[in-house]
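Structures follow.
Two complexes, one shared chain (chain A), two partners (chain B, chain C).
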Partner chain A sequence: MHSFGYRANALLTFAVTILALMCAMASFSDNLNHPSPSSSVQVLNVNWFQKQPNGNDEVSLTLNISADLQSLFTWNTKQVFVFLAAEYETSKNSLNQISLWDGIIASKEHAKFWTHTSNKYRFIDQGSNLRGKEFNLTLHWHVMPKTGKMFADKLVMSGYRLPKEYR
Partner chain B sequence: MDWQGQKLAEQLMQILLLAFAAVSFGTGYVLGSFQMMMLIYAGGVFLTTLVTVPNWPFFNRHPLKWLDPSMAEKHPKPQQQQAVSLKKKPAKK
Partner chain C sequence: MGWIGETMDSIKSLQIRQVLTQAVSLGMIVTSALIIWKALMCITGSESPVVVVLSGSMEPGFKRGDILFLHMSKDPIRAGEIVVFNVDGREIPIVHRVIKVHERQDTGEVDVLTKGDNNYGDDRLLYAHGQLWLQRHHIMGRAVGFLPYVGWVTIIMTEKPIIKYILIGALGLLVITSKD
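The block that comes next holds the complex of A and B.
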């Protein structure tokens, strides 16, 4: 503490140590938030459903996705990444996950939304198992904080079924 | 900066920084604004720098009192005599 440089150095290191502590506390405060997100997806139309020449089934859907993810946002949330996946079981794989749509929500104001869209990414099966297949649509999200721990969770919506014939 | 000034500067620095951290975290949490927390803390660090880093006059209220030069003349340093005796020894042999 005897010179200008010594005091400046001591102040800087102590200030940064406290800053790290504040960030840790901010990250910890996220645990006090108990979110209650809601979501619903309607399959409005099966645009087409066919077998590719290589033998894999492919389907195109028109979806109406609505969700209210506002409760995920806290003061320490930078953005939320959200994606909708079709999930189903086949004899080859116990869990198939196909991402159909995704989005980045940058603020709480945009966290309550609905969108009318055909699947953004192609819905192709690994094989030819989609005819009459029952599947879940699962909304996954990753909460990206400004500092600290990242949270991820999902909401499973079940009871969707693909048509029995190609069209 | 004298000894007590150094102690005061260190204590002031720690107390001010901790106080600003507590205030900024509380304000940020209540307002729900991470940016507000950062701004208040940055302001606090700047203010603390201004208060504790420069050598202000109030850090120099307890100057060290050195012995008077006349006292030093009355009590000469003992090392001088030893140095003389050391020099003489090799001359005798």
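The block that comes next holds the complex of A and C.
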């Protein structure tokens, strides 16, 4: 009854139970945080806008992104993945989501940022629908915890209308 | 002499009972593990509810040896979600983030492009030759929860099988030799 094996087993079981409970509580405590992030994006320039040889439209933009995501961070937050997506509808597709820029924020100190960039991923349509097309710019974020449940949310921002002609 | 024979008989019957109880309890452990796994499969709707991260392509979010909990629902796939997908001709599923989504107006089918957070380019190089997009049937589930380090147990066991055999042997020995 009181052998070494039993004591070791009991200790290990207890330790794992406590650890699992602490992980669950840490994950649950994220629900108590009510973040209020803010962000704004401007399209400064259409660098070029053309039709690829295969018939798909492609556009290159210069963007000015600023955001304050500090309120997303809690003690259980490992990092926040943030990305800006262009979202629009065409006659062929009910939804097109194209990530234009993304970044990893590792700490609260870096969560208030400002960046001036051209699109990191290519903005290519499936087809030739981008002339004069209005799209929404949406900032999405994905909170990755140290342990437990992951959270995601978004902020829809002002749209932008692409020029009527290629350039 | 009769007294000794009686004792021998009682010891023999006791051992048979003991062996039977041990066999039953071992069977209970194995079957309850199976029940938990299958129940998780039913709840999450994913054929593998828990996956171990094997590569560093999602660092610093997910490191090698971390565990992800998957969920497969009817909800449409959207950009930013971390999905687990199987590419034709590859056995090991990949855990990466969706960066582009095109959803058809008429059929509702989706074209999805993924990328690892830590990779420089998107995943078209990983897909089957000539494949540009992932479809719904490639995707096994989306990651909803995260537990660090626990997956190292399985990584060590698959990479160093000798440790697995030693562990199984030791456990078996423990079960056989334990008195109560």
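Just so we're on the same page, the second predicted complex is superposed on the first by the 166 of 167 C-alpha atoms of A that agree within 3 Å, B and C clash if a C-alpha of one lies under 4 Å from a C-alpha of the other, contacts with A are read in each partner's own complex, and residues count from 1 in each chain.
The rule we apply is simple: a residue touches a chain if its C-beta (ideal position, glycine included) is under 8 Å from a C-beta of that chain, and two chains touch if they have at least 3 such contacts.
These numbers were taken from a predicted model, which means no experiment stands behind them.
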Partners on chain A (chain B, chain C) - clash or fit:
fit
Classify the contacts of A:His2 with the two partner chains as first (chain B alone), second (chain C alone), both, or neither.
first
I'd like to know which partner A:Ser29 touches here: chain B for first, chain C for second, both or neither.
first
Quick one: classify A:Met144 as touching chain B (first), chain C (second), both or neither.
second
Counting only touches as set out at the top, which of chain B and chain C does A:Ala152 meet: first, second, both, neither?
second
Which one hits more chain A residues, chain B or chain C?
C
Touch test for A:Ser91: chain B only (first), chain C only (second), both, or neither?
second
For apex chain A with the CA centres of chain B and chain C, the angle to the nearest 10 degrees sits at 40
Of the two partner chains, chain B (first) and chain C (second), which one does A:Ala15 touch, if any: first, second, both, or neither?
first
If you've got the overlay open, could you tell me the nearest Cα approach between chain B and chain C in whole angstrom?
6
Overlap of chain B and chain C contacts on chain A, residues 1, 146-147
Chain A residues touching chain B in their complex are 1-2, 4, 7-8, 10-11, 14-15, 18-19, 21-22, 25-26, 29, 74-76, 146-147
What residues of chain C sit close enough to touch chain A in their complex?
60-62, 76, 78-82, 97, 99-105, 108, 111, 117, 122, 143-148, 174, 178, 180
Complex interface listing, chain A residues touching chain C
1, 5, 23, 27, 78-79, 81, 83, 85, 90-99, 102, 104, 106, 121, 126, 140, 142, 144-150, 152, 154
What part of chain B is in contact with chain A in the complex they form?
1, 6-7, 9-10, 13-14, 17-18, 21, 24-25, 28-29, 31-34, 37, 41, 45, 48-49, 52-55
